[in-house]
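In the two complexes below, chain A is the common chain; its partner is chain B in one and chain C in the other.
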Partner chain A sequence: MTTVHVEEAGGQRPAYGPGLRTPAGEERLNGLAGTRKRLNGCAAAAYAALYANVDVITAYAIRPYTAIMMNLAQFIADGILDAEYIHADGEHAQLSAAFGAGSCGARAFTGSSGVGVTYAYEMYSIISGARIPIQMSIADRTLDPPGDFGSEHTDALCTRDMGWLMGWAATPQEEFDKSLLAYAIGEDPRVLLPQMVVQDGYFVSHISGEVDMPSAEQVDTFLPPYRLPFPLDPRQPLSHGPQIHPSQGPPLQLERARAMEDAIPVIREKTDEFARVFGRQYPHFVEEYRLDDAEIAIVISGGHSVTCRAAINRLREQGVKIGMARLLWIRPFPSDDLRHALRGVRAVGVVETNLGLGGPTYGGILAPDVTAAMYHASNRPHITSFMAGLGGETVPTAEFEWMAGKLGQAVERGGVEKAAHWVGFED
Partner chain B sequence: MAIEVTRQYLPLLEEEGRGAATDDDAGRDRHYLPDMPDEDPYQAGHRTCAGCGPAIEYRWVLKAAGADTVLAGPTGCMYVANSTYLCTPYTVPWAHTPIASGGSFTSGMAAGYEAMIRKGRHPGPYPNIIVMAGDGSAADIGLGSMSGALYRNHDALFICYDNECYANTGIQVSPTTPYAGLTTFTPFGKANTAGKQLPPKNLAKMMAEGHPHCYVATTTVGYPVDLMNKTRKGLNRRGAAFMHCYTPCQKGWVYQTSMTVELGRRVVEAGLFPVWEYDPEERKYHYFHPPVQRPVTDYLAMQGRFGHMLPEHVAATQRAANLNWQDMGMDVPAELREGEDPARHAKLKEESYSMPLNRGVGA
Partner chain C sequence: MSVRGTRIPPHLQLPIAGVTPPPTEKEGQRLFPTGNFRFFRPVYKDKTPPCNNACPTGEQIQKYLDFVKHERYLDGYLTIMEDNPMPSVTGRVCYHPCETACNRAEHDEPIGIRSVERFLGDYGLDLPEEPIKDTLPPLNGTTVAIVGSGPAGLAAAYHLRRRGYSSVIFEALDKPGGMLRAGIPHWHLPEEVLDAEIAKLLSLGGIEIRTSTRAGQDISWDGLRNYAAAFLALGQDVGKRLPVEGIQSRGVGGGLEFLRETGLGRPVKVGREVLVIGGGNTASDAARSAIRLGGGAATIVSLESEEELLIVAEDLEQAREEGVLFSPGTSLVRVLSENGHVTGAVLCDARLARDDNSAVRPELIPGTEREVVCDTILVAIGQVQQLDWLPEHLSDSSGIITADEHGRVEGNILVGGDVMRGPSMVVDALGDGKRAARDIDRLLTAQALTPEPDVTIMPYEGLNSAYFRHAPRIEAPLSPAAERSRSQKVEVTLAYSEEQAVAEADRCMSCGVCNGCDNCYIVCPDVSVLRDARENGHYSIRTTYCKGCLVCVQECPTGCLEKVPEMDFDAPEDVTRMETAFAPYDGAHAEQSAFTKQLIEDTIAEYDAARRQPVPGGGPPPNGHPPNGRPQNVKPQNLRNEDHDGGRP
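Presenting the complex of A and B:
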């Protein structure tokens, strides 16, 4: 007695074609092509997943990212998107289910916020180590305690060393673009890494901006069908995730480390390709704002960069030679690009919208990374950091002006006063 | 527009008459199995212990499921003993999952195949999707994930292979460890003569009662045709199915390695592991009524993990077994009723047929 057998694929890897869209979906996307839509960051992420024609979505409710999943649920209910939508029993299950779907060759999409991100912590290393390029859309939220809806980057930054591509979007347009870009980079067979596309909760996730809607053809050109080279498919059986002996550990870990480094040229390439297809050119890694002749600079990521630009413009009018370097990706960390951006700067202040309790600066998580990257610069600047916007508080222009004052002092005295300033608590 | 998802059908093996011709002297079926599938998607070459119950269960399940199967295995002894990098006993695709992810990872596999076939990305047919989780995974850390998967009714078979302890980590107590079972987390001593003091969690009943739309069944490695047919029924059913399989662990329970299948029979005959099937269409349990009913000592004495039991512990176990008989709709013979009295028992270790105490077990 035998059971049904599927014909061998003749030694070839099984092909995974493009997914069919629904008639209603095609109609909607045709109608959207070339229009400009007013969307908040959550809706922008959901539209990107719709355009990417994801196969499996795994959802669990937590503010503020929930609105992404609410939008996607409506797309499915309206017949615009054909995808399996899993109501997971928690974030750990959410990530596990997306991992299972991605391991079979399905394009999977998930997301979370705050303590939801940390609840799933076990899964991050496992998914990146398995080289399954699922996407997780995060809208930042402060970790407990206290119970707080506001944005703080600590949730996503906690996972920064787990082998995921990670970058912040500062506007809904950028959120939409970055979601597509991240899929294209992560699914590239030279990379095969999961991606975290992060936006500030509320500041980006819940404030509307204008988003240019592409055609489905543009997206399909830029983002080919997901083809995992090693899916769990009975046509070509293989095992995922076996046990190893300690002697096999070093080469496997080296491979994981190299995957991150190898992603760097692919990020550059895909960013440029994105510009050719969609007409929007992003910096590869670091946005350089008025840095050309700057003496002092703010290093920042995420939504507060919008206020920072306004503050810099005002300070420039007063004759302060200040600029901004915005990190579009935090993993892989753009050490080369950051050194290049800050090449003429004498003092740097890193804005920390996160907590790194007891860390080397006694402030946040980002400054140690920036400092390590700048250590090998030929003309090393003074580096300090600013704890600002914690708990989801705004960072008004006055605070950026205060930071500029501290950086100016550092240049004058030839050194920083301390490694981390708590903005609003010091003179 | 969407493409129809075609599903496999696995024919059931004949059960009636097979045993009738091969009764042993106790009136039990001896399963002579000339018509089993040839294929063995679970091949030789793994590193399971001599007399490993889960290895027997793995082989029967995958034999029943066949080659068009995708398998997941959460962390547990059958992860560590089976998979070695650059070497595998599986001829079907297999993936390790974290210990709490048995249900959720498998949900993702099922959803992935549903979507890919429907959207024309994969030609199908829909594969048999199976997860085999240990009792620690299914009844403890991954219970929520398993329940979530059954609740969502993914088309997959969710199996708990139950060796009644965390065997992988060196025999620690799990929710299905029986009352008075010794583990390295429930040793006995002067202050605690019982070892494990709690009765086991009834995982399968919880799954059936809590997910009444699912096919749920229990079985043991003592009944291979039953095990294979329940595997196939679970796979044939459109939607989620759960199978709880009793699989002795020689290392954890301390018994003679040739007794694994015998234990799979005796645990049922002692009333300690009711074998049943839950039919979601009629919302009814169908109990297997074993042809032999034994006192629990016939079962306990075979295992070193019970060697410390005092008369009151044996009597309490008999009381639990008698309640199980009632659940199963069977009469409790007077001899077994009398076994509820501690005065009827000796210390188990003083019985000449008892296995030695299970001290110092563990990896």
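Presenting the complex of A and C:
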């Protein structure tokens, strides 16, 4: 691993500790406050890390998330961000270094895409088990083989049960906001969990959108300096994630399960606080789009929801009573909120954008989660899995219309035709 | 909420989830007694280094080399003095079986142990007061008789004194020292060094040497038996005769007798064409002394072939440098004389053969006889002792006093040195004296004599040789051959400088003996190697936590750490049942810990400095730590271990 120290002009390294910004950084953020910038998702994530004033960045290049690290490296080179920028020898080391930094009390930022995410797999449980709230910014990429730069959610979803908070952003603005929000939730002493802020590769990461730039004061108010209650300290020695006796395993896992559930009220609280500080109110967990009188609904996550809204509007013009429930968080899974959102519908199609090979629906990963949540709903709708948007393909409005047709048939028939449909491969 | 109503029983509660007291603290070990994962346990078991084992006096060589390495010369000198009373002597004349056995020979070259020993011995002689005096017990009133003031006799007297006994030594010659004076030339062992070593021993009190007192003449066998105990160490100082024609001619003499007269400073005449008959070290010493005395030529005529010569390698090389000639594989057939004085010799090619009693029997090669001119012949073909004053059953025809395996002749009378084992090394005699003193003490205190305990010798293969950089041996400097071969006084082998002694001692690999290098302490991935007392290098294993990965055993340079199956311990369910650390050589260890100590201090200083940086608004520094570096007692609410209500907003 190489630690990159960027020298200030004159060769003197400024002594800025955590919680401080460089003069150039202050000036830059002052200039940005109140403006609206055109940024793609990667740049939005990098700006969020700049505003969050991260202390340690660990990087390893892989498309499409690389642009996040490119932007951050530029910030450091320009002297507007004072952070340790560590270029690791692979994603496992990258996550390990971020873990170590977080354990010492640094606000750590890392990220990856596709097989990079899976290469680091060992570290996910270790980091959440040690309760170190670092942030990983993922821009989705299809897992190999074959080599495919296109977006597919499987990379991040593979890690969904490892104890990380996880949610998809659908636009660069939401990516920016979610990064700040996720840090605030994860670092909350009631939670202390690492976070994955995920965006679709290319559809979000590489397509520009308008992003409102806040002031540094706004961010510092919402996200105070990181305070780990139990940092590694040579004067106060303690162990993170030590070897344990088998009997000590269950209580530790229970603690982690509690933390994940306790995150639910904290997410609501922080989302509302975010709205007060920044003026943008997001739904806590589920975006409900034209669901009030809907008979059928699409459940979706991430960037394809933008196309989905357009398709719903067209279908509504044709008289189809359809709506959309977009999941803003996958972990913790918002079972209550989803039941509430879908309380009136009779058939639900889950757009997967992921692979759940051999799973309960033989389709994707999300439908089983949605089905389990809806099993306890009084309306208990028919649910099917739509395999769409794989390999980085778009999901055009025509496909959404096709899905709506299948859901309509399910309502008429009183049951789904199949547990999973491969959209584009069936009549 | 699925976790509503969950409860963690008190005995399973951790202070903070996933964060525990470290295993360096008792509480951490109580939580995680992972010692029961272990199949093998690392155990510190010091072995005997081969040098120590090879030394007949049992000198703790690893220990004093370690002292010298750390410039603790007084400690090093006192360490030698536990086993050997005259390191200045052995540091010059010993044939160093320790260096022959040294494992470092397999690595690059053996350690120059003898030269370091000489350095320490001379250091001791230079001290204004003999420091060993303060360690001696008061005399107990018992006096032991010793026959012979050679190395065996003097060593016995010294070690008896260390045990509280007085001794009286009967010496046949008019000066003490035995073979050290009467057999070893001054250019090997200067007279003043020997005198100083003997004076050092006499200064301890309780040791009396009666010179010109010959056993059998001036003190009888019965006279010896009147003492509480006696030690026979009269050596073998009578040269063997060679039964050839003309051997009675003037100019023909014994090599040993020649060396004795020279050593005692008596006038000796030697010619300019000298033949020395014999293939051992006495022949070499006689030939070299003859060159010094007569200024002529000396030829060693030996039955032994070039390869069979018994002269130690370094002496052989020095002899050649000084101009000694060799005629190996040759037998003296006849001495030629005129008017009763030797004028030459008839030599013949021969092979060394032995009869059934393993006595030497030359096998002449017919037709190779030839005459050579010479004016002196010195015979050095072995030695015997005059023992007809002893009861007949106590000696054999070769001048050896017979004894049991403990060197016990009869009653409280023991024997040692050359008169017990035949011609041997000075250090053998010193070892016999040490052993005899111990056994006499046992006999006088009604203890049984026991065989020497078995020891485990550390082989080179047991070391982790990757840790030892190759470094050439520092050879002891020599006087120039042209200068030394003209004088009886100029020492051939010279001393190490202090720097050389320290550098050579630093080459010691401490075979099988912990030298406190801290490797185990540093490599242990589980903080399970403890250094309870940093200053003496003792370690112990935290058996409640060590999982038996054995990285420490693998990375132990000296091989003193070994793996022992857990099943070998008496109570398999108990992981704290054996004290694992022991190092028999107290205090000789662990000067290298300063680096580790500094490393930790530097880390803490750097950490503290990072926290002293200013924070805007004068508030507390980040991470919730006040400036003194102690974390605030911040406890996340959901991590408390009381019942989980699950009902928080």
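Things worth noting here:
The working rule: the second predicted complex is superposed on the first by the 408 of 427 C-alpha atoms of A that agree within 3 Å, B and C clash if a C-alpha of one lies under 4 Å from a C-alpha of the other, contacts with A are read in each partner's own complex, and residues count from 1 in each chain.
Throughout what follows, a residue touches a chain if its C-beta (ideal position, glycine included) is under 8 Å from a C-beta of that chain, and two chains touch if they have at least 3 such contacts.
None of the values given here were measured: they were computed from a predicted structure.
Bringing the complexes onto one copy of chain A puts chain B in a clash with chain C.
Shared-chain residue A:239: touches chain B and chain C both. Once the two complexes are laid over each other on the shared chain, residue contacts for A:318 go to neither chain B nor chain C. Within the superposed three-chain model, A:58 lies in touch with chain B and out of touch with chain C [touch as defined at top].
Look at A:229: by the touch rule set out above, it reaches chain C but stays clear of chain B. Of the two partner chains placed by superposition, only chain B is touched by A:102; chain C is not. In the superposed model, A:20 makes contact with both chain B and chain C.
In the overlay built on the shared chain, the residue A:92 is in contact with chain B alone; chain C does not reach it.
By the touch criterion defined above, A:248 lies against chain B and chain C together after alignment on the C-alpha atoms of chain A. Once chain A of one complex is fitted onto chain A of the other, the partner contacts of A:378 are absent, as it touches neither chain B nor chain C.
Here chain C runs into chain B after the superposition, and of 81-89, 99-107, 243-251 or 297-305 the stretch doing so is 99-107.
Overlap of the chain B and chain C interfaces on chain A: residues 16-20, 105, 225, 231, 233-234, 236-245, 248. Of all residues in chain C, those touching chain A in their complex are 1-3, 6, 8, 12-14, 16-25, 28, 31-34, 526, 547, 600, 603-604, 607, 610-611, 613-616, 621-625, 629-631, 634-639, 644, 646, 648-649.
The part of chain B that touches chain A in the complex is made up of residues 1-3, 8, 10-11, 35-39, 65-70, 72, 79-80, 83-88, 90-98, 100-101, 103-109, 111-116, 118-123, 125, 127, 144-145, 147-148, 151-152.
Residues 15-20, 105, 129-131, 189-192, 225-231, 233-245, 247-248, 250-252, 254-259, 261-262, 265, 268-269 of chain A are the ones touching chain C in the complex.
Touching chain B in their complex are the following residues of chain A: 1-6, 14, 16-20, 22-23, 53, 55-56, 58, 82-84, 86-90, 92-94, 96-106, 108, 122-123, 126, 225, 231-234, 236-245, 248.
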